[in-house]
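Order as written gives the chain letters A, B, C and D; numbering starts at 1 within each chain.
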Amino acid sequence: MEAGTVTTSIPSIEGYEEIVVESIATTARLFGISAKKINNLRVAVNEACINAMEHGNNYDPSKSIVVSYACKDNNMIVTVKDSGSGKVHPDFRRPDVEEQVKKFKTERIGGWGLFLMKSLVDEVDISGSEGKGTTAILKISN
Amino acid sequence: MSKSKSFGKNVVLEGHGEIDSLYISNNLDGKTSEDVRLAFGEIKKEKVLINLGQVRLTSSRGLATLLSLMLEGEEEGVIFALCEVSEPCMIILNTMNIMEYIEGVEILDTTENAMKWLSEQG
Amino acid sequence: MEAGTVTTSIPSIEGYEEIVVESIATTARLFGISAKKINNLRVAVNEACINAMEHGNNYDPSKSIVVSYACKDNNMIVTVKDSGSGKVHPDFRRPDVEEQVKKFKTERIGGWGLFLMKSLVDEVDISGSEGKGTTAILKISN
Amino acid sequence: MSKSKSFGKNVVLEGHGEIDSLYISNNLDGKTSEDVRLAFGEIKKEKVLINLGQVRLTSSRGLATLLSLMLEGEEEGVIFALCEVSEPCMIILNTMNIMEYIEGVEILDTTENAMKWLSEQG
């Protein structure tokens, strides 16, 4: 299939991220991306959308997140944009899950999203522009 | 005889003999994980099967909540068997090395094997 | 799931319509629309997208078609917009397939899209606005 | 022995004994229907099975092209059996009442039954 960009915007309402995830999975399938890569991408995109809806748009249903995706030469690029403050200092290090498990009674287990994204796609970049929201860019190559 | 109770659209709790079985389906997102929490509140048995076969998508938040609930259960002596763990769940469990850090939780392939494993415990 | 509108834009390139079709099918499933209604909707949306890409945008890959979809109170509305001339006189009558079959050697069999749309969804409306393209609106209720 | 040849990504033609089998998959869109046309150009047998089981999506254009090709084949004495007709294909065939207007084309459920039906013909 010829290269081109698809853009989907969804309201910041829990559940809508699945529409984006499945749409990107369909696109990846049409471009012959392997099932394993697609499964990993689904999880990574889901995390990126949830972060955009939660940390970016505070689940304000009137604010959209805009997701663009394109496949070319066996590479797929996904960008997820929110309209939050754009203040973001992403830390992609592995969370200490062992420690989290020990302290589960007093501290919330979690904060896995960025590490998952980094682990499940070939390249990830998250950057904000003050007042213009945050953009997460995920890349995979087949 | 087995009883069954639903929590929201995606969570069903069933009791059979000495085992409670929790079926989670569709998207294990924030909402569903809160329904899982409600279901855990009604677990009566010390052996619990959690079937993740129908979980098409999961957030790390959803799975982290499930993990917390299992850790709380463990403290009270409950034994858990996860089964039919779907691909998105397995991807997160593996990437985060979850199974290395928790005891008293086993992953089995089929519901049948999970039932069998649970019935052989304690 | 709370009501909200999803919008997907695709380039006018054959094949991309499937991304829209699957995305709308996912949305319908999340809102509990029956499988039978979803299967019919998939075919109808596919026809609407192909018409928009072909008759509206002349398969110009630089022109997008914009598809919005929303579910509320067990109703789903899909709108498909192109950026063509907007000149359209839709005829939803049943094509005479018997006649087409008899004359298959001299005339092209086809022109089924509008009749299919009308038959497969509960309401359909196609209207153009000169210079602003054509909009197809499809509605189903569960 | 059976030979198999691909036309584009979605069309495969196979010959077994007195029957040629055409397998169409994915999206029966304009491009795929042109590949179907190429495949029809290489049909050698008078009995042809067309398996639509893997057609996930079809345009009316794609199905109309297939119909035209079958009508041309019929004129040359070819008998067609459609089988495993997927839901989107069936929706269009039914809505347009296609099967009422063509002869010498039969719809069967499984490949096996289609083979059997073809082998019993003429």
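The rule we apply is simple: contacts are C-beta pairs under 8 Å (C-beta built on N, C-alpha and C of every residue); 3 or more make two chains touch, one makes a residue touch a chain.
It should be emphasised that the depicted structure is a prediction, and the values quoted were computed from it without experimental measurement.
Student: Farthest from chain A by Cα centre, which chain is it? Let me know.
Tutor: That would be chain D.
Student: Calculate how many whole Å lie between the centre of chain A and the centre of chain D, each centre taken as the average of the chain's C-alpha atoms.
Tutor: 42
Student: Rounded to the nearest whole Å, what is the centre-to-centre distance of chain B and chain D, using the mean of the C-alpha atoms as each centre?
Tutor: The mean C-alpha positions of chain B and chain D differ by 46 Å.
Student: So how far apart, in whole Å, are chain A and chain B when each is placed at the average of its C-alpha atoms?
Tutor: So the centre of chain A lies 26 Å away from the centre of chain B.
Student: Give me the residue numbers in chain B that touch at least two other chains, ranges are fine.
Tutor: Residues: none.
Student: Could you tell me which residues belong to chain A and also touch two or more other chains?
Tutor: Residues 14-15, 18.
Student: With touch defined as at the top, which chains are paired up in contact here?
Tutor: Per the contact definition above, the touching pairs are A-B, A-C, C-D.
Student: Could you pull out which chain C residues touch chain D in their complex?
Tutor: Those in contact with chain D are residues 14-15, 17-18, 21, 39-40, 42-43, 46-47, 50, 95, 97-98, 101, 104, 108-110, 112-113, 115-116, 119-120.
Student: Which residues, counting only chain C, touch chain A once they are in their complex?
Tutor: 1-2, 4-11, 13-16, 18-19, 22-23, 26-27, 30, 61
Student: Please name which positions on chain D make contact with chain C in the complex.
Tutor: 27, 29-31, 56-61, 64-65, 67-68, 71-72, 87-88, 91-92, 95-98, 100-102
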